[in-house]
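Chain nomenclature is as follows: A, B, C and D, assigned in order of appearance, with residue numbering initiated at 1 for each chain independently.
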Amino acid sequence: MIGLAHYLVLAAILFCVGLLGAIAKKNAIAVFMGVELMLNSVNLNLVAFNRFLHPEFLGGQAFAIFVIVVAAAEVSVGLAIILALYRRKANTSVDDIDLLKW
Amino acid sequence: MLGVIFFYVFAAAVVVGAFAMVFTKNLVHAALFMAGTFLMIAFLYILMGADYVGAVQILVYVGAISILFVFGIMLTKRDRIEDSNRFNRYGPAATVVAILLFASIVITTLGAAIRNAPAPTGDSTIQTIANIFLSDYVLAFEFAGILLLSALVGAIVIGQGQLKRTTKLRPAAGGGVQGGGGALGGGAGVGLGQSTKGGDK
Amino acid sequence: MITLAILLTIAPIAAYVLIVAFAQRWKALSAGIAIVATGGSLVISLYLLIAMIGNPTPVHDAMQWLRIPHIGGFRGLEIVAGVLVDPLSALMATIVSLVAFLVMVYSVGYMKGDEGFSRYFAYLSLFTFSMLGLVVSDNYFMTFVFWELVGLSSYLLIGFWRLKDAPAEASKKAFVTNRWGDFGFMVGIILLFLTFGTFDYTALAAMIPLYQHLGFLALIAVLVFTGPMGKSAQFPFHVWLPDAMEGPTPVSALIHAATMVAAGVYLVARAFVLFHAVPNVMELIAWIGGFTAIFAALIALVQKDIKRILAYSTLSQLGYMFLALGSGSMSAGMFHLTTHAFFKALLFLGAGSVIHALEQQDIFKMCGLAKKMPITTWTFVIGSLSLGGLFPLAGFWSKDEILLTALKNGQVALYWIGVITAFLTAFYMFRLIFTAFFGKEAEVHGEHAHHAHESPASMTAPLIVLAVLSVIGGLVGSPWWTQWFGGSFGTFIYFGEPEPAHIDLAVAIPATIVALLGIGLAWVIYGAKLIKHEWLAERLRPLHTLLEHKFYVDEFYAFVFKWVMLLLGRILDWIDHRVIDGAFDGLGSATRAGGGKLRLIQSGKLQSYALVIFGAVALVVILLSTNLIGGFVK
Amino acid sequence: MNALHLLPGIILAPFAAALIMLFVPSTARNLIRGLALAAASCSLALAGLAMFLYDNSTKGLQFVEHIGWLKSYGISLDLGVDGLSLPLVLLTAIIFFAGVFVSWKLENRTKEFFVYTLLLVGGVFGVFMSTDLLVLFMFIEIAVIPKYVLILVWGSTRKDYAAMKYTLYLLSGSALAFVGLFAIYAYAQNPQLGLGYGTFALSDLGRINFDPQFQKWAFLVLLVGFGVLVPIFPLHRWTPDGHSAAPTTISMLLAGVIMKLGGYAIIRVGLGFFPEGAAYWAPVVAILATINVLYIAFVALVQKDMKFVVANSSISHMGFVLLGIASMNAVSVSGAAAQMFAHGIMAALFFALVGQVYDKAHTRMIADFGGLAKYMPRTSAAFLVVGLASLGLPGLFNFVPEFSVFVGGMQRFPVLTAVSIFSVVVTAIYVLWVYQRVFFGPANPRWEGLVDMKGVEVVPVVLLGGILLVLGIMPGGFMNIVSGGIAPIVQRLASVSTGGIF
């Protein structure tokens, strides 16, 4: 029987792959995709917890929807930033963006 | 029994999609794999009875976000797209950290005593979610709206580059082109034109 | 009586303040004020002396100056400012004010053209004040205070012509050498106070003889004696006196002949009970005195500068005084101090008038002054005869006393040193007289010689007074004086029991013969020129150069100062800058360097931050899961 | 008697003047100088009055003021002076009064200069007057900080290095001392050992007898913390740079007063609260003091810059204070307290004169000078007086405290004191050597145009020189006040049994 553990493991896999994508990728958009993946794994967790721990109260799913909303907003702004970045530096490799260097 | 099969199929698809997204060379393929993964996740939601969330997932992630990504890739396309999804210096270290993190999450989850609740009644969840949104989380709901609006405006402003500014602010050096830009649309065009020209400098 | 003694000291300091505050511009007025003040002190001291001769009971009064209470097991500090008038201090006060008065009168003529005229008289009054203060003070602390003030005024007077290098150097040298002596003196006083609880002479005089462990007392005595050694320029500390001749000659007459250098002798006399209680320290004093006497006399043989010869002669005579004190007779020492004050002041003032006339100090460039400057010459001759110790004159009586005490106390070696020094003294004094005063005009090509003229009355009058004193001054210690006045110098100032004056032919005859021999030898070489002194010098070349360079003591001190003090200073300065500063500044630069290294972590790469964060998360979770640090799992 | 509120008057005068001065336009230089002079003379008058009204018979604090501040923590702005602190208050007032005259001709940003100086002086008054430990510390900080700005802006040789070094040394010192402060506070709080309630009032804290073990390290912490101010041997490097970089008035205040903060605090807190601790560390302090005195005297011998010589001589003289404190008996501690006053006056006069020569000749290198007495007779006379005071000539006030420190020291550490007395010779050598090379000898034509001091410049010299002379001749009254002040502290020291560290 599929239990909460299965979903959690799946979400963990998703999260770690997303993390790998976010940290190890050179291209800004690839990093961004990694982040999206991590967000999705979180959503999966939320919905799984809601389904397996308190099916009667759908707070988890509501939360998941809010995450999706935020993710959507984030993607739009994120891509806009990458676009502006590209216009300035003519490439989107994350290593060149190090203005934060002290 | 059917559910178990569905779960494993979808789960496998999700995992394969995720790995494919990360390890393909071509960025566009990665985007498409991402879309596929989101779709499979949507099906998992539906499997768990969260039909509304699954629908929203398909609508937003698969429908909108993946497409936006493809837009993003196309707008910032450099020379060879086949090889645009390479790893940087932190590759090996990142994999080690990812594996360690995965191991630690799994150790903790397996250790925890989880009591699985019985399957839900099966009726649609939209009704209850709507009630929750407009009763407990009404505030969050409104803010979500505001958030989306501000993201919208933000994306436009950042995405389209500099608004047309009066020449006084900008120093003469090389500013000729920006200064001459026309209205909002022109600005975007100029932004684009300037970028490609900038490329071959 | 006490108010008079206080007035005695106040007069000169009042003169000093008046001159410095108001009379700076009017030269005559400032000289006048100084002379009147010192004259007043002279009259008072004479009155005190006569009163003391009347009844020699000491008069003592004091007021509290400083008191720190006695708390816990440690002794408090009780300092009293008092005045003690007794035969010894009355005599010294008279000598000081008399010679000071005469020198001031003399200086009016001598310093006529000098622009610092009033400043000179101010300093002289300051000196007289501190010297009189030293003489009448009743405890070690006050003596030390005035001791330093005397050192200060000698510093000011030696360096009077301060815009010339030599006086500036000499004044500093004088003060610093005195300071070396005062260092020992101060430690001695403090130890004395800590063991006996008081500085007062009379109280200490009662307590010291009862004190048991002589070793510690010897240490105190030696330490206290370093003060007089510094002030009276005894052997290790003598280097400053010859250089002090850079000051004006009346100053040398007053300070470096009669009074200041005698302060050391006075202190030993005043604190005689301390030295008397420790026999081997007395021995030490005697030997230091003896050695300095013969040491200085030898150097004086080859000196060319008239004032240097007199300076070394003073050194030698001071040696005599300490020899007398060391061999046990306080009155002999003081008697010689008195007579020496008269004839040495006379000699210096005589030399001053010669220098004033010829602007020249080298005796080989002077000649035939006898005809041009009769008074100066004859007074100078009387002074030299008295110094040499010939029969009727003062020197004879005092030197005879010293040799007698040395012989009587079994110091035979010192007696012979005394006799040899007497011979040398007679020789170098008459070497000076024959070359400077009685040389023929022909030999000397110096053009100064012919326009020498006798000094004005204001300068010759003191010479005559001092000459008279040098003649009759000695009679005070002669047996006739006891017949006429029923008491001699020995019965007036003595330690323990009085020492009546008497002639001991066994000592007097040889001393006189030796003196005559010295004069004869001087006449042979310098008078009749039978033996050329250059030839003699050539024969004894090594000895001559040794003496000329004053046994290389000055060079040795300069070497020590340069290679020990300055080098040590430089090493410590180097340590201060490099080591200590280096350490603390090093601390500073180390922090800055550390900061530089840490800065590299902020590489600006977002992904490196993310990597570190998640790495840390993973690590923590793993650590927590194993019970390495008390994990939470199971 | 304290109806006159003397102490608040003294302390508020500088602070009020600083406040008013902020509103004065910086171009009105004379008004600024007038204001500063008014504040200085007001503090001086009140301090003089306090000194006059102070009656030596009653023990303990006088002119006591109690102004509550943080009741819950037991901190209150209590003011009060006794024989130990009143002379130092008078010293600060005198030096500030002289300092105002010395910086009378300052053109470069006078307003800020005087505002900071007034703050500094107010802080120092606060330190000497407050009978509350924390307020005392606070005022030490108030006194130290403005000096950084003063040295940085108006300084001379290597001023930024010196300013930073000075501030780092002193702040790290006081930071360390804070450890001691809070240890005392905590100790006072715990009911069995201490008083049971947290307080900073010196009088209450004085009642606790701390256990010897605690005293040992607490005294060490305070010694090192305040030793930096005094300066004690290894921590003295800030003084030569700090002094020579500071402008004249500030080096007068620095040498005259800031160094005394450390000495005062060590006596008041160190000896006052931790007799056993002091006894334990006394030999170490005595050895460091001897090094302070002799080592630095030799260093001063080879300095090429006049101000460095004077700065080093200040360290060497403060060594006597430490020796006095280490010997822990009535004579030596009152000698140390009086030496702080005497050295303050002497150092201030010394720096004023060096400053005068520097302002006119624009160089302080001894080699450049020669025969200055011809052009500046009065300055050279004053320089001689203060030089003689520094080498401890009797008749000037510095000799008396030094002598009592020696007498006191000889009873506890005979050999060390004898070595310290030898420094008197080395001091004489370097003082007179400098004096000879600068003022005597053939007149150097380069200094033809130098004009002697007149008018405003004479006032500080006469004031400070006069005090040295008058107290030198009649020190009785002053010393009674000082020894009266330290009697209670020494009373407690007398009952100490523990031996030294070795």
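The criterion applied here is as follows: contacts are C-beta pairs under 8 Å (C-beta built on N, C-alpha and C of every residue); 3 or more make two chains touch, one makes a residue touch a chain.
All of these numbers come straight from a predicted model, not from anything done at the bench.
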| item | value |
| --- | --- |
| Chain of greatest Cα-centre distance to subunit C | B |
| Cα-centroid distance, subunit A relative to subunit D, in whole angstrom | 67 |
| Separation of subunit B from subunit D, taking each centre as the mean of its C-alpha atoms, in whole Å | 71 |
| Subunit A and subunit C: spacing of chain centres that average the CA atoms, whole Å | 99 |
| Separation of subunit C from subunit D, taking each centre as the mean of its C-alpha atoms, in whole Å | 37 |
| For subunit C, residues contacting two or more additional chains | 607, 611, 614 |
| Junction residues of subunit A, two or more chains touched | 19, 23-24, 94-95 |
| Chain pairs that touch, as defined at the top of this document | A-B, A-C, B-C, C-D |
| In the complex, subunit A residues that touch subunit C | 19, 22-24, 31, 94-95, 97-102 |
| Subunit C residues touching subunit A - in the complex, by the definition given at the top | 599, 602-607, 610-611, 614 |
| List of subunit A residues in touch with subunit B within their complex | 1-10, 12-21, 23-30, 32-34, 36-37, 40, 43-44, 47-48, 50-56, 58-59, 61-62, 64-66, 68-77, 79-84, 86-87, 90-95 |
| Parts of subunit C lying in touch with subunit D, wherever the complex brings them together | 64-77, 144-146, 148-149, 152, 155, 159, 162-165, 167-169, 171-172, 175-176, 179-180, 182-183, 186-187, 190-191, 193-194, 565-566, 568-570, 572-573, 576, 580-581, 584-585, 588 |
| List of subunit D residues in touch with subunit C within their complex | 165, 168-169, 234, 236-237, 295, 298-299, 301-303, 329-331, 334-335, 371, 373-374, 388, 391, 393-395, 399-400, 403-404, 406-408, 410-412, 418, 421-422, 424-426, 428-429, 432-433, 435-436, 439-443, 474-476, 479-480, 483, 487, 490-491, 493-495 |
